[in-house]
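Both complexes below contain chain A, partnered by chain B and then by chain C.
And now, the complex of A and B:
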């Protein structure tokens, strides 16, 4: 289905990605694959306590060991108040530095407190054992309820609640931020409702689960120039964070991104890089640091566990009249949960005249959360979409009809503020309603129950800043260079854009991700922004090259440039210059050095806005009522992506996001004991979906063009993780008649609820 | 004490010294420069380190380097023949069965092992065979399709 009117020649095709060959043959280099001559191996010492004051650290025994070349602690990372602006948000470099190596307190189990560099990994880990850290253990604060208790221990002395704290809020607090969105008259709204449903939901802390652990190599040169090889979603942000944390000029740091083995938001912050730089500086040798899988679980950034209360009022005819919601998100050890984004997304799909949504960002003794695909939105959608499902049942309405009836449309003011431009929610819902999946009968296997659920999801998408260059070779091939690590096929999409603009076949366009010294600034690969914003820079760079090619044609033809047009990759003569045969890019390129020299098209974009997007998922779930084991047996993802540049990778994002959401719904969770020790820091006990857990995942791409992008692109990566939590839970309700308000729907929880239901 | 290992890797004779407790994964990556085999967990739970040992699929992180003495190891680097990709590799590219690609070497080796002894697997057989390989990016849909298509290709049929 497409409302885009532009026709394309290359965009929308499915060529083989340029970086694919290296990946299927094992040649591609990821973070841990780099080695330098003389390189040392680092090891990070981590706190065994969830909450403790660091009394002293004695590194002398470690330093005296043969083969140990450097030891660092928090005292090697300056304390700072610096912030790094990233779009609307700002990264707190002080917290990031303290997270990389604790200064005064260990704030979660696994918090880095020291690090060593030695000539072998074995010596490094033995030296780490020899470091004596004296802790004064404190009571850990493990969840929202404990953090908000009147007698709660305070994680950070001096924390004040930013945003809009309640007037009666305590002054000593673990609440870093409170925000609210409000419209209309809540009491009047609810008074006019025929049905009001109010429930409180919880979701566990979960991890992005990228397969590649964090890894980097850092070299400190005698001249103070630093080089870092690392696996990251944004090497410019790594550069700027390390510069800010360590107090060195950004221009002194060059960051070379490796291929990245998954990130989903989790590879935006720096953990190892400042430590590796500090070690390399002391040791005068390059240092490699690699996290173990356990380190990744304990000490990189998962996403928030949440507690969310939702109340929704509707009239008999189905129209929503009022909503209120309170969202409490665990930030982990430092401020910065996505509670605010969760609040902004919570009811974004619906036109509700009266509402109050409030959100709390709460610090607890868990790892500092990082972004995870549409950060904040999935938990909020789980709560709201479960309640919407319940309203539909109460009113005897089809759940898709009810959503359509209340769906926002172009011109509506979003609950989070701005007026929606063209959006595809209705198209998405209508496509879901027409899909064979929605109409197919449910056929339970013997001994099982089966149910169907549907849910919507919303994400803003991001724009931000990007740079790109397109350079032409004399044989008519081209390079396109950007600075965004390619996490899922963005290079081939960028090459397609150059093909579209210049008419060069995609296999003759080489897309490259360059290091921080070799291309202008690019914000992170995140916010579903690469195909959109960096794509925009690529298109503009290609158009810049195209304008230069037209000027060359004008020179060859000896006509004014106004008389040269561009069509299907060729310069064509316009009126006044007619009679001249069109010149292809190859023909023009062959003459480059005689018509004025090399051609490089370049562009930078600053895209404050993006194209918001919606999706709807349909889930069929089969439940074994004797064991509580459930299984997704059919799944369909419908999403408005604006324009699919390479449809295979668009589908891949939709399928991958859905399966992460299914894992979140059914099995994944951080399990802590009362002392704050993580019980399942490995893939055996942190149960992510495997191939035999899932069916094929059907995709329906909707294309409601985003007017902000030359091809209509919105971005795709994040929306698909928003609906699954609720889609699965709604299917579970359909199968069992039990409304689950806590995730995951793991067999013991399901079994217990079924027993209670009787 | 170091161990002297004589073995065959990707059809080439190889000799190296290693520590007695060193895993095959560490030896491949650090001593032999064969970094195509990835480490995702080092506990046998992710399949990123999949290799064939005498034709059997094993996680290299759970095999000691010293154990491969006198045996044959095949890593992802040895799956293609010269410039010709194995059908699994070719179909992974055509089906866009990789996103970040860090799981891909493990899947390529594991899928090759399946097709070596069963060139006509069902979707269910593919899914269960590959259940030891984690992919967090794709949701497995395109991976399963690529493997089924590679099998068809090897049988000489087109689907």
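And now, the complex of A and C:
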């Protein structure tokens, strides 16, 4: 089912990843695996209150304890207005520093207020207990409704609503941003609709649930040079954030990334690193900080709980004529929810002439949200795709047909602005419609109800900045070096690209993730950009090396370089130089030192755009109507990936995104008590799906080539978490005839709704 | 600061009792699947871990004419492999098989499940409906306690400092008697019951229920024996109507709370559903018995 015309020799095969054996045998080193001579163990003191003024912190008793080498508080982190630009977004380093160690107020339960470094973890935790923090507790503001109430307590004095605030918006506010997208004439649009559905949806705050907790080691040398070993999605960003937060020169900081046990966006911000550096500076010894699982839940960056109102109007024939949506996203303690991205994705799949989509970024006393796989899009898709499902039912139309009828195509102006290039939404929907899953009869187990749901999802994908080098060894093998921590199998994908360009077998290409001192700048591993943008740098670097190899062949053959071509990993003589036997990479490499010395190819890319991508998911769900317990029994993911460089890892991304989305739909949620204390900061009660909860997730790869990439690659990792929330809820509706507007579809909620239905 | 802890693995019951009664901060360790997790979570270590797995009386499973004797520290995996136990007490063995995952099964014990005192412990209800008694050894000698009286509140049991649960003894079921246990968890495994129910029923030759016991878990501070639910079954043919009456009695007896594992209303409802279904399964099993 490929529309890509280019044929490949290596790309599209499924070799074993280079880092695989180390990972399955436990040899790979993750963040917490590093230890240095003389290293101290840190412990972070965290606020027991969701909202409190910090009156005083007395560290004297802790400092006096034997074995305690340093104590830091917010006063060790300068307040700053600095920002760090990252693509379209800018990281607020003042907020990030205040989040790492609170200055004046504790803004959520678990907010770091002090930290200790001591000669053992036991001494560090005992010293932490000896730190006296006097709080003045304040009323916590826990959700959108509380934050917007006229008498709501204000989290940040002086917060003003940025973007396009409503003219009558209050001046003292918890709304950090309002944005809107609009087109056409909304009233006229709805006036022409035969069917109008309007509903309000809510989704809970959820966590990425990466297996590896945050961990780092920091060393402050006598010469003022700082080295940080850390588990991160972007060590260049860690370097620049730490420099900006601590007010030190980035040139003095080197960050060495460890292997990473998952991130999904949650390992882009810094939490521990500035604190570890501050402790190491005071203690004159290296300091290690590791979060417990509870810390991760309480004090890293989950994603927003949301409230979303959607109104959609359609004509009898099925064409969508008008849509409006209001999206309210909890940002957590500081501004910066993905409300804007949610708004931009909400109706991106459909061609609707009249719309108004507005989004609000709202601070509440919960941990500051971080990116989570297609940040903002899943909640928006849950709302919109549920309403689309309802319109289909109301009109008696097949839900895939209805989506096809309204699907955007190449040349359409996207609701969020630009004109779409070649996109694969139609191909994806056609493939879903043709899939045996869509036609298979639904057969319930005795005593169960069964239903089927479908939903679409969209994500922009990111481009941004990357650097790569490819260096050839005399034995004909090669290194490919980039600066992107490998989360989803990007190293093997990069090696495959080098194989493709140079004809070197993939197991003879060594892909390396280098530290900040050893490779040019790379933006984070995020936005589904690594295989795309860093891959582009790798291909360019390999082509650079290839050009140099051709020059060497020209030298050997004593012909002008224009008469040397490259084919299937060999230099070939073109017309004029004919008669010469082709030279393989190995043959050329063996002669490197006699033809001009070593060869290094290098390239950088600055990719402002990426290939937007769509997916469609089909979900079969079975529900026990006496207990409300449900189970996904069949699931199919169809997605346009542009080009699958390593199909196994592409499928893995599709399955992984679907699994996380199903968990979000069914059981995951942050549960707080009335005082803002998190009740379930562990995997026992924060219920992510376990392997036995899910069926084998079927995947269908669609390849509509992305013209921006030499092989046609689009981002893959984020799209698959967008449709599941709605796909599951639509299946639940099909099974029960109840339209669920609040997630998760946990057994108590389902049973309560079934009782109401009667 | 947690103190440095010691580890002892006594080989006799007497040594274990002595270790535990001379040091109030020592704790018995069976599989450790509760104890070690809790020690880590609370950062509070006992002064000494007294490992029970080397004491002959505490490990092993025997089925004789009088019934079952189950060493308190026997691992779930060993119990689940015992064909005769599985045949006679299918519900009890299924409950034991629910503990944790394959890895946990290799360690977790029924004694630990009971002594940990969780109202949601999966084996308690099945032990209760099978009239199990706990054999306790302590400084003052040996005594036995019915399992329904063993737990006195969340995390609390009748054990006194220095006491050890040595074994569980279960009488051999009468003719045409069988049991069943069901729990409700939102996921398929690795979860804690939001509600649980066990039933044991005895039928006469005509299929009329002559004896029954019903117990429910995770819906009160301790697992509860529910005589009213049993009464609803006794004298019936375990038809739908009787099963529904038992379900209502179980729901009525439940005193659950709202928490992160479920709402009180929800638990009250589903404990009835589980009771109805468990009693139905027990009935089918009993009908299949000579």
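Methods note: the second predicted complex is superposed on the first by the 758 of 758 C-alpha atoms of A that agree within 3 Å, B and C clash if a C-alpha of one lies under 4 Å from a C-alpha of the other, contacts with A are read in each partner's own complex, and residues count from 1 in each chain.
By definition in this document, a contact is a pair of C-beta atoms (placed from the backbone, for glycine too) under 8 Å apart; a residue touches a chain by one contact, two chains touch by 3 or more.
Remember, predicted model here, so these are calculated numbers, not experimental data.
**Student:** Could you tell me if A:575 is touching chain B, chain C, both of them or neither one (first, second, both, neither)?
**Tutor:** Neither: A:575 stays clear of chain B and chain C.
**Student:** Figure out whether A:626 sits in contact with chain B (first) or chain C (second), or with both, or with neither.
**Tutor:** second
**Student:** Specify the partner with more touching residues on chain A, choosing between chain B and chain C.
**Tutor:** The larger set of chain A residues in touch belongs to B.
**Student:** Looking at the overlay, does A:697 come into contact with chain B only (first), chain C only (second), both, or neither?
**Tutor:** first
**Student:** Quick one: is A:81 in contact with chain B, with chain C, with both, or with neither? Answer first, second, both or neither.
**Tutor:** neither
**Student:** Which partner chains sit in contact with A:658 here, chain B, chain C, both or neither? Use first/second/both/neither.
**Tutor:** first
**Student:** Applying the document's definition of touch, where does A:210 land relative to chain B and chain C: first, second, both, or neither?
**Tutor:** first
**Student:** Looking at the overlay, does A:259 come into contact with chain B only (first), chain C only (second), both, or neither?
**Tutor:** first
**Student:** Once chain A of both complexes is superposed, is A:752 in touch with chain B (first), chain C (second), both, or neither?
**Tutor:** Only chain C; A:752 stays clear of chain B.
**Student:** One more residue to check, A:684. First (chain B), second (chain C), both or neither?
**Tutor:** Both chain B and chain C are touched by A:684.
**Student:** Is there a shared patch on chain A that both chain B and chain C touch, and which residues make it up?
**Tutor:** Correct list for chain A: 122, 684, 689-690, 692-693.
**Student:** Spell out the part of chain A that touches chain B in their complex, as residue ranges.
**Tutor:** Its residues touching chain B are 14, 16-17, 19-21, 23-30, 32-33, 35, 122, 208-213, 259-264, 292-293, 487-489, 646, 648-649, 651-653, 655-660, 682-684, 688-694, 696-697.
**Student:** Mind pulling up the chain C residues that touch chain A in the complex?
**Tutor:** 1-2, 43, 184, 186-192, 194, 259-263, 265-266, 269-270, 273-274
**Student:** Quick check: in the complex, which residue numbers of chain A touch chain C?
**Tutor:** Interface residues on chain A, with respect to chain C: 122-123, 125-126, 626-629, 631, 666-667, 671, 679-680, 684-685, 687, 689-690, 692-693, 746-748, 751-752.
**Student:** Contact residues on chain B for chain A in the complex?
**Tutor:** Residues 19, 29-30, 34-43, 45-46, 48, 75-77, 79-80, 85, 89, 92-96, 98-105, 108, 123-124, 126-128, 130-145 of chain B touch chain A in their complex.
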